[in-house]
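Structures incoming, each one as structure tokens.
First chain A sits with chain B, and in the next complex the same chain sits with chain C.
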Partner chain A sequence: MNRRDILKSAALSAIAASVPLAVPRWSIALAQEGSPIFTLAHPAGFPDLDPATSFSNDGAVLANVYEGLTRYIPGKDDQPATLAPVLATGWETSVDGLTWTFKLREGVKFHDGTDLTAEAVKGSIERTIKIAGGAAFIWSPVTAITAPDPTTVVFTLSSPQPLDVIAASGFAAWIISPAAMDKDNAWFNAGNDAGSGPFKIDRYEPGQRAILTRVADYWGGALEGAFDTVVFEIVEDAVLDQNMIEGGQADWTYGLPYENLDALKANPDLSVVVNPSFETLFGMYNTKKAPLDRPKVRQALSLAFPYDDVISAGTSGLGSRAKGVIPSGIWGHDTDAPVPNTDLEAAKALLAEEGLTDGNLELVMTYATSDTLEATAGELWKANLAQLGINLILQPMAWEAQWELAKSDPAATQDIFVMYWWPTYVTPYDYLFNLFHSEEAPAYNLGYYSNPDYDKLIDDAAALSGTDRTKAEAMFKEAQRMVIADNAAVFILDKPNIHIMRADVKGYQDNPAYGHVVFVNELSR
Partner chain B sequence: MSAFVRRLGFGGTLCLALIVTFALLALFAPWLSPYPDQGMGTPNVIAKLKPPAATFWLGTDHLGRDVLSRVIFGARVSMSAGLLIVAFSLLIGLPVGLLAGYFGGWVDEALMRITDVFLAFPALLLAVLLAAALGPGLLNSIVAVAVTWWPWYARMARAEVLVLRGQPYVEAASVMGVSQARIAIRHILPGAARPLLVQAALDVGPALLTASSLSFLGLGVLPPTADWGKMVDEGRKFFPDRWWVAAAPGVAIFLLALAFSVLGDALRNREGGKRRDTT
Partner chain C sequence: MDLVRYTLRRVFLSAFVVVGVTFLVFVVAQVVPSDPAALYAGPRPTAEQIAKARVTLDLDAPLPQRFVSFATAMGTGDFGVSYKSRRLISQDLRVYLPATLELAIFSTFLALLLGIPAGVIAAARRGSWLDRIGSLGSILSVAMPTFFFAMLLQLVFSQWLGILPLAGRLSQQISISDPLPFLTGFNLIDAVTAARPAVFLDALAHLILPALTLAAYPAGIAMRLTRAAMIEILARRHIVAARALGLSAPRILFGHALPNAVGPALTVIGLSFAYALTGAVLVEIIFAWPGLGRYVSEAILSKDFPVIAAATLVVTLCYVMMNLVIDLTQTLVDPRVALT
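After this line comes the complex of A and B, so read on.
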């Protein structure tokens, strides 16, 4: 499950902190001047390298080894987001949005020498659906896949869905060689690969490192000064990652504390790249438990939230104010969403209106242990709420425990559930459905919000998103405004994506649709 | 005074003074700390991560709070954690050891096998698991550590009781028809308790360290309460550039743990000396 890796156990990071600094075990991969080796100081390990079931940080490796049919290219400024052809060169949908035809690229070879064929695409996706692990659910609308000729794949869907976007997913959409169709999870996790990408896995030591080497006859070619070798050094401690990038032992890293970035920016050997991410932080109000079952009380809490202080103290001013739950860069983002600003007087007036002035109100906010940003948000909010006579109890928990508690009886659980969300593939429906669609048994709708009009609106919009994306987008925005008007959650901030690189690396483009993935073939030195 | 210093030794006296200072700071934290509201957790974002200076002697943390005030308030949590862990452990360990040693036989067997079960786990690991299961909170972390700590006291108490049980004055009391409970409590317990109390003084330091480790792992007090272990964890992330956030509470843990250990040593030497006198 990919939302959980940020919650790598506190114990692990403490153990990592005790790794002696004296002997750098990564010295074999020194990133020297002009070196054709690209080294990533990777703060997280790779739990599952099986392209069918991977649903975590593994994408960092898989995206360089495997390819999908399409790739999502996020919108920038006024440029709308687009889909780039990868293994598919073109695609079209029928008028009803139920049949999708993809034309495949010719001359693509897998690392084992076999050719890319329509059968390989059909087989890969059918394998993913059959195993049904990880993010396989993205294919749930698909009822049949056929391969009428070697370069044509036809998908039949049960409901109209944007299959071109689904095929660009960073999880569960990788195409593998026919020779590997019957291989099991253990085979992939032993460091074998069956991809068609620019690199192949040369060596894999779980929890330590992965080393990729360039494939000679990659269809996409190689840039001048391109890298021959990619080394992922798994170093879970931010202090060590920072040492490595500063000392030139690594070319790229992320996850360093925001507070240290000014010093890194001043270093001429490094470049600090700040981009918006698709990761948004919010707190879901328990709409099934008094007193937060009353929308005005929820509104008062949102008015008391110190948005600007959390952005400045928690992210050194690099985060951006969340406009609802859909971050910028994703279609469906609403730049004009009516989100509240901090206003303690207005909050006080609302609470008085609701008769909550006696000062005995206690609310419990749960969040992930050792997540500094969530803790900062909680502490600053608590200080503001104290002025309104509300005692906010900050309850840090291991993610699994926080989640289990929230899935039990809504009337007896937390009042506010704080977490991050980012989409499996890029669609506003992922956020709006998972977080606010009515659920019999709560999975991720942990504020237990339930609104039949809202449910219908987003379901209809999702059905339209394959054929009429403009209309669908307008409907998604309308639905999000319902959630905002009902104050179902406090929308805290959109996290920045910050990557630190050696300054001599050229061609870097962050793609938030794939988390912290580097497409090394686009880089050179 | 000079006699007192002679009995405890110079180091012991110094450490006692240090502990008393910390205790006074903890007790009178709201009056002694420069920014009591920040010590209790009120953020002050404008002044975040300021280096030590005249206004903030030990600098400020990531929420702009005065580190000195936080360290002073943190002494409350750390000292009470250290002392309560040892107290709880004594409270469980001493009666268990007394029963096992005095009655022997199947009682001894049963109680000692239970103690062995607890001793079979690595102490810190068991504490981490328990604290994770109980959820964060000061009392929970104290209980979690005490559960791993008491078997040592039970073992020690049992050994002492076994020695004392054979002493002539105990046998004499038994012959005179004094009840078993009275013998155990009036004649054996005081003798067995003394070396345990010395051991307890020695253990406050390590107990405080263990409690801080739990806090460091996010299993201690709830925010925004100040706690040294937690402060080290928060400051660790920007340690190289902003050393004061982690260094100040780290030094405080070091000093207090050391003070308790040296004082415990001094007490043990004194105890040992007295024993030699009596034999």
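After this line comes the complex of A and C, so read on.
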């Protein structure tokens, strides 16, 4: 053995020796047993961390850092939905529903040490209204906010609205510290926060991760085994998300392909939580353009829709049949709504009645480019319609372009507009008003449905929903049945919420009112 | 002197390319159907919010005036605000560009270090098992789809062997316990300036798999090109003369033959560097790398034109500069390449 060989073998054995040493370093499961870190493999980034204008996935971060006055707790089985007190401990409305008085929780401190006061609540909501971005429109009925004493806030409204529900919104309803009132969007997006929630933003690396740490003296306290750090890892690749949750580098994720769920369910380290969401998929018929301006043609199309096939092929059977536009878990959901079932014979008969049997009818359906569920629904429907001599042209478009087209002259736009809807704040009015109330210039009523009786009914119901919710609910149901009877839309399915977690995490409950939000303070390991 | 004149001329010509690209992006932004105001106003805007956004973005101004303000924003490196996120683009680029450059530069070095010596050795041992393995490797590395190679590397090195991290730029623990201060955005450089050797190693470990994935294609091509060129050069008389003079084999191969053979390989590697700046979307997504490719592909999907324009400009600049560097390197390595 000469000198060179000795050097060579020394180098090789050094490399060989360093390998096993390095092993534990990367195979350490970050979400290992007992770790006080809760890691979310989050498939989407956080475009806007300003609590006044955030209107997207950023709610996942903000809901752990900021608090609103109330929180929406969805109904389950026969339990009606309720509102839980958060920063407000109690609230009442005047008989006419125009004045709302909220009593604030005492002893709440913002992360900067200042106390929660009525002025802070007033200032936060006024800031949101003034900036007028994101979901600020939820406050449009508010004409004045006053703070008669440090723990009382009084809202005056122009029309009766359920302000307790509006205040529970996951967007534009966060209360911030008085010290941050004059801060701009850039300040918040640099990773600063001004909340009162159980966690504060410690570090924000755009496109990569956000790290929250527990606030020492949070008013709500901490559970035994609670997490003291929350890490959002922004991981857009579903394969990587799945690797991370399976390998224990993440505690929670969503957005994995439906077909992988069986394998995930079989994994004893994981739990798969399936829950109905408030997101509903539907297609609005263009009621202002032939031939869909005729209700019976629309009815025929709805009868030709393969509801069950779309649920099984598009969501692995986890979605549920939509009963109108108001999903279950929201008051106003109508379990017995008379929605049509797939019946090609009946559809054929209706088309014959309308004289549409020559087989050269073409209809254009627009939907969002990247959405595979919408594409699946379109393909299956197309196959059924082909049997009736209708050619359904599927036109995927970027959402902005799809919407832009739909807002132009109804006589020249799409025949069917497919989209999802979820409520900004949880009321049936949010769905029924935005999607079917008459509009002079189309915004979201993209089937251009117009029915004065319907408009009046939901407006009256909305006015009652702050004071007499039972009556309002009955009226909303009646209105939704009008839309169903008129076949204004095809109600496809209510999307399931599917979240995958490590099995050792306790206390998780999905709240569909806050899409893909985890309230980490309620969890423990 | 020639060198200075040549460089100046190239820079001058490059300026035209950059201006032309800026103009093209602006024209495309006008032609493609989209509503910037609706994008700017957020996910579910009201008519008033859209109207307000039109005013904020000055969308109703005459076209020439808008081009001037657009060109000014691009020219000063201000780039304006993203329609979609409403964030300052220059601020975003400060994060995403260094991440991409770090990856692209590292992978380019890997491609050079793997591809060219492999080509030289294959040519020197032509027909041997080394040559065959090298050829097979180069064909595999060129033919294998990026996403598959990336996942294969992840599977082997991080899930089976556990010796390299799965994804990301730095370990979570570092961000949580003792984050690296942001200086240049190049983690390797920032770790050195902060005198944190552990962080440097961590950043390096995170770089290896994505860089290897990106390097595979150019390294494979460079290997083939170098091998072919070397075989031709090794048959020349000056090599025979060098052999006759008794020069050592490495000296002949790397000192006398390689400079004559390396030109095409350098060009390919240079071009692939420029490609990696925005073309590495897949690699960036699979390795959760917060890079320019991901940033731009998101912008393209939502037709966020200021971001597309800014990224186009930055990439054009990098591309033009890289081309210049390659051409200059060629003249240094091989004096026969004339500066014309």
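In this text, the second predicted complex is superposed on the first by the 496 of 525 C-alpha atoms of A that agree within 3 Å, B and C clash if a C-alpha of one lies under 4 Å from a C-alpha of the other, contacts with A are read in each partner's own complex, and residues count from 1 in each chain.
Everything below uses one rule, namely that contacts are C-beta pairs under 8 Å (C-beta built on N, C-alpha and C of every residue); 3 or more make two chains touch, one makes a residue touch a chain.
Note that the coordinates shown come from a computational prediction; the quantities given were computed from them, not determined experimentally.
Should the pairing of chain B and chain C on chain A count as a clash or a fit in the superposition?
When both complexes are placed onto chain A, chain B and chain C end up side by side without any clash.
Quick one: classify A:441 as touching chain B (first), chain C (second), both or neither.
So A:441 only meets chain C here.
Just checking: does A:396 make contact with chain B only, chain C only, both, or neither of them? Give me first, second, both or neither.
After superposition on chain A, A:396 lies in contact with chain B alone.
Kindly classify A:244 by the partners it touches after superposition: chain B alone (first), chain C alone (second), both, or neither?
The answer is second: A:244 touches chain C but not chain B.
Return first, second, both or neither, reflecting whether A:134 touches chain B, chain C, both chains, or no partner chain.
In the superposition, A:134 contacts chain C only.
Which partner does A:370 contact after superposing on A: first (chain B), second (chain C), both, neither?
both
Please work out whether A:263 is in contact with chain B alone, chain C alone, both, or neither, and reply first, second, both or neither.
So A:263 only meets chain B here.
Tell me the contact category for A:55 with respect to chain B and chain C: first, second, both or neither.
It touches chain C, and chain B stays clear.
So, does A:379 touch the first partner chain B, the second partner chain C, both, or neither?
first
Enter the shortest inter-chain Cα distance between chain B and chain C once the structures share a common frame, rounded to whole Å.
5
Jot down the residues of chain A that show up as touching in both complexes, chain B in one and chain C in the other.
In the superposed arrangement, which is not itself an observed complex, chain A uses residues 239, 369-370, 398, 401 for both chain B and chain C.
Residue numbers of chain C touching chain A in their complex, please.
So the residues of chain C touching chain A come out as 33-35, 38-39, 41-44, 46-49, 52, 84-88, 91-92, 95-96, 151, 154, 158-159, 161-169, 172-173, 175-176, 179, 205, 285-288, 290, 294-295, 301-303.
Chain B touches which residues of chain A in the complex?
10-11, 14, 17, 238-239, 242, 257, 259-260, 263, 309, 312-313, 369-370, 372, 375-376, 378-380, 382-383, 393-398, 401
Touching residues of chain B toward chain A in the complex: what are they?
41-43, 45, 48-49, 62-64, 128, 132, 135-136, 216-219, 222-224, 233-234, 236-242
Of all residues in chain A, which touch chain C in the complex?
19, 22-27, 30, 37, 39, 47-48, 53, 55-56, 132-135, 137, 185-186, 189, 202-203, 205-209, 211, 229, 231, 233-237, 239-240, 243-244, 247, 249, 369-370, 398, 400-401, 403-405, 424, 441, 443-444
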